[in-house]
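Read through the structures below before going on.
Note that chain A is present in both complexes that follow, paired respectively with chain B and with chain C.
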Partner chain A sequence: MIIAVASGKGGTGKTTVATSMALSLQDMSSEVTFIDCDVEEPNGHIFLCPQITGSDNIYIEVPEIDRQKCTRCGKCADLCAFNALLATSDEVIVFPEFCHGCGGCRYFCPVEAVTMMPKKIGTVEKGLAGRVKFARGRLEVGAALSPPVVDAVKKHSTDQGIIILDAPPGTSCPVIHSVRGSDFCLLVAEPTSFGLNDLDLAVQMVRSLGVPCGVLINRARERSCLIEKYCREHELNVLMKIPLSKDIAGAYSRGIPLGAVDGKWNKAFRRIYRDIRELVANEGNNRYQR
Partner chain B sequence: MKEITVISGKGGTGKTSVTASFAVLAENHVITDCDVDAANLHLLLAPEIMEVKKYWGMPRVEINAAKCTGCGLCETLCRYDAVSGGAVDKLLCEGCLVCYHACPAGAMRPVENLAGEWYLSRTRYGPFVHARLGVAQDNSGKLVARVRQRARDLAEKTGRNLIITDGPPGIGCPVISALGGTDLALVVTEPTLSAMHDLVRVLDLAAHFGVRAAVCINKWDINPDNCRAVEDTCRDMNVPVLGRIPYDPAFMAAALEKKPVIKMTSTVVNDIISLWDCVKKELGL
Partner chain C sequence: MRIAISAAGAGPDAPAEERFGRCAWFVIFDEHGNVQESIANTARSSAEGAGVKSTQLLLRNNIDVVLTGRVGPKAMHAMLNGGVVVYTGVAATVNETLEKYLNGQMKPLAVPNARQHAGDTRSERLAT
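And then the complex of A and B:
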């Protein structure tokens, strides 16, 4: 069972929810895995304090031009869809930060002057936090392309046990690479006009991927009906509410997960997991069910 | 002409609220929203859209089944696993067109991809360039570049000397695109361990691209110890802290009332005004 925790807007509480949920489920399932897919700004480790046991570098292949062989015909630069190559009369200049590693320049070079060289764009680390298996991706500072790092860290999901994915904010490519292939997406929303606007974008994104979703309202107040109204209108289940609370905000600032603030949250997350399992079963999408 | 770009690393620290307040306080400026995949600034500025432009993203490919011989070359060449069994997965396709150029039967066809819209609007606080990336679209960096270019052209044409940009969260492609060539990156952070971790990464990013950075600590009083740690970090990294803003319910209330927080009745207004004064000094305005 793969559950992605996402939100359009940043800072709504994805990481709090994803880490607290992983910790609360560790007694319930033989195997719980937490995967931090927010590779630009991963924060799950702050709450889970994992022992890191291994690390792999992630590379994409960028072109290197052999100046001896290159005839400066310019075919590679003409073909490059990402403007990563510039052919002048003297040489072909590579801009590796624009390269998406498609390999077209190498394939089409008529004189085999292009070799693909690995360029490090990030790392994937794995470890253990209590009984929770932990993996996180980290994009190299200055690298633009996060989806390959997301794909690499997601390889740590198995088809056993419960896998919680902490997705990045937004609705574009890094989020799509994170949420795609999940059994369920839990959308964390806050009751502000920003929160509502971005929840709507996130719901459209998740539905375009064909992943069933539900909503968790964070920083809920008595009059936080705008999100609930939206959910009613769009046939979304509100699975849980976490109140606006100074205690929770203070704990968050120190990297303390919800279950450690009050044990009642562990129960609440186990319940939300059971609700999600039921929703997924109802969707007839129970590939990963044990 | 000067440009200030408000970023944060971590999302939800108050970028948009701060940017909207600057938009109210500044004079003779253009406002832009470069958080194109979850744009919010328009919610506070009540824009009247004057001009809508289509944004064409990277093309996608389609396979003409009548021409396809099933040789499988496209599948072998695609680095994104987007082609399989004679069909293209449009969500995985990055539009490199290698398969299109390579197909010996000419069976691949590039298809234009309407990936969003961008707008030129009028607001009470000045002209506003913003955008909306389509759902599940890629290459937000290119759209960010488009929005910034339009803002610069507009500022030049109308003799405006300042661009105020609301940036995206994170450190990846749209952030890099929003930072290139800006005069000051103002990082809005908060004294939480998560935001502090992200602050260091985003300051490293600014340094990597040679962009001058400064910091504003929002909700500083939710954890005064962490706030001091943020100030220490900034001192070590040689980055000025231009202001501290306390936690104030006025931020949430303003977002609900859809107006810039500077328009609320609260002591936080003075903190934002003095932050803006420091920003102006830093920009040499």
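And then the complex of A and C:
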């Protein structure tokens, strides 16, 4: 069972939820894996304090232009869909930050002036936090292309047990790469009008991927009705509410998982997991009947 | 010599445009101030690298000088390497901008004066 934890924007407490959930489920399954897909700003480790046991580098191939062979015909710059090449009158300049490593420029260069060279764009580390298996991707500073790093870290998900994916915030490419293929997506939302707008975008994104989703309201207060109303209108389940409280806010800022603040949260996360399992099963049945 | 001015429309009476990579048109003059043509900026819709692609368009059209407003780091790098000289401080219209340039009232630019994607209108880029 793969559960992605996502939110329409940063700062909703998504990572706190994802890590607390992973820790709470340790006793429910023989295997729990936490995967940090927020490769631009991974911070699941702050809550989980894992022992890192290994790491791999992630590369893409970017072009290198042989100035002797290049005739400056400009074909490569024309066809590059990502504007990673600029053909000037005396050379072709590569902007590796834009390059997606598709190899099109090499393929179409009429004089074979292009060779592809590996460029490190990130690392994937794995480790252990108590009994929770841990993996995180980290984008190299200055690298702009996160989806390949997300895909690489996701390879650490197995068919075994429960996998919690901490998706990056937002609704862009790396988020889609994170959520795609999950059995369920838990959306963490804040009860503000901005929060509602971000939630709406996230719901549309997740539904377009065909992944069933539900909502967790964080920092819940009086205005939570805003989110709840939206959820009713869009046939979404509000699976849990975490109140706005001093204790919890303090825990967030110090990187303490919720279960360590109060044991009742462990129970709450186990309950939410059971609810999700049921929702996923129902979804499967519905699909079968359709 | 060919001078390009980033603009919101075609022709010398169009409003000048602050954003380099995302402008709709480049209006082209010779050094005597005669308008030569208007080129639609086909690069403006690029998801990434609009500044680089816009520079490529200028190079294709043998532009020596561009008068614009904000230039990001990648576009600046591209123009320095491509040999396009950049001046900033566009006026309200294309014509007024040209006049300002011919009077020596525009500032040459050697380092970027905007962050990357500053010309994008998608809010996603602005929120971090």
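The rule we apply is simple: the second predicted complex is superposed on the first by the 282 of 290 C-alpha atoms of A that agree within 3 Å, B and C clash if a C-alpha of one lies under 4 Å from a C-alpha of the other, contacts with A are read in each partner's own complex, and residues count from 1 in each chain.
In this text, a contact is a pair of C-beta atoms (placed from the backbone, for glycine too) under 8 Å apart; a residue touches a chain by one contact, two chains touch by 3 or more.
Predicted model only: the values in this text are computed from it and were never measured.
Chemist: On the A-aligned overlay, A:141 touches which partner chain: chain B = first, chain C = second, or both, or neither?
Modeler: After superposition on chain A, A:141 lies in contact with chain B alone.
Chemist: Just chain B (first), just chain C (second), both, or neither: which does A:86 touch?
Modeler: In the superposition, A:86 contacts chain C only.
Chemist: Is A:52 in contact with chain B, with chain C, with both, or with neither (first, second, both, neither)?
Modeler: It touches nothing on chain B or chain C.
Chemist: After superposition on the shared chain, which partner residues are touched by A:9: those of chain B (first), chain C (second), both, or neither?
Modeler: So A:9 meets both chain B and chain C here.
Chemist: Looking at A:254 after the superposition, I want to know if it touches chain B, chain C, both of them or none. Which is it: first, second, both, neither?
Modeler: Once the two structures are laid over each other on A, A:254 reaches chain B alone.
Chemist: Of chain B and chain C, which one contacts the greater number of residues in chain A?
Modeler: Looking at chain B versus chain C, the one contacting more residues of chain A is B.
Chemist: What is the contact status of A:279 with respect to chain B (first) and chain C (second): first, second, both, or neither?
Modeler: Neither partner.
Chemist: For A:77, select first, second, both or neither according to whether it touches chain B, chain C, the two together, or no partner.
Modeler: In the superposition, A:77 touches chain C alone.
Chemist: Taking the superposition as given, does A:204 touch the first partner, chain B, the second, chain C, both, or neither?
Modeler: Only chain B; A:204 stays clear of chain C.
Chemist: Looking at the overlay, what does A:238 touch: chain B (first), chain C (second), both, or neither?
Modeler: Neither partner.
Chemist: Where on chain A do chain B and chain C both make contact?
Modeler: 9-10, 82, 97, 144, 170-172
Chemist: Along chain A, where are the residues that touch chain B in the complex?
Modeler: 8-12, 15, 40-41, 43, 46, 79, 81-82, 97, 100-104, 107-108, 139, 141-146, 168-174, 176, 180, 190, 192-194, 197-198, 201, 204-205, 208-209, 246, 249-250, 252-255
Chemist: Could you please specify the touching residues of chain C with respect to chain A in the complex?
Modeler: 43, 46, 48-50, 52-53, 55-56, 59-60, 74, 77-78, 81-83, 124, 127-128
Chemist: Given the complex with chain A, which residues does chain B contribute to the contact?
Modeler: 8-13, 16, 37-38, 40, 43, 58, 77, 79-80, 91, 94-98, 101-102, 133, 135-141, 168-176, 190-194, 197-198, 201-202, 204-205, 208-209, 222-223, 226, 252, 255-256, 258
Chemist: Which bits of chain A are touching chain C when the two form their complex?
Modeler: The contact residues of chain A facing chain C are 9-10, 74, 77, 82-84, 86-89, 91, 93, 95, 97-98, 144, 170-172.
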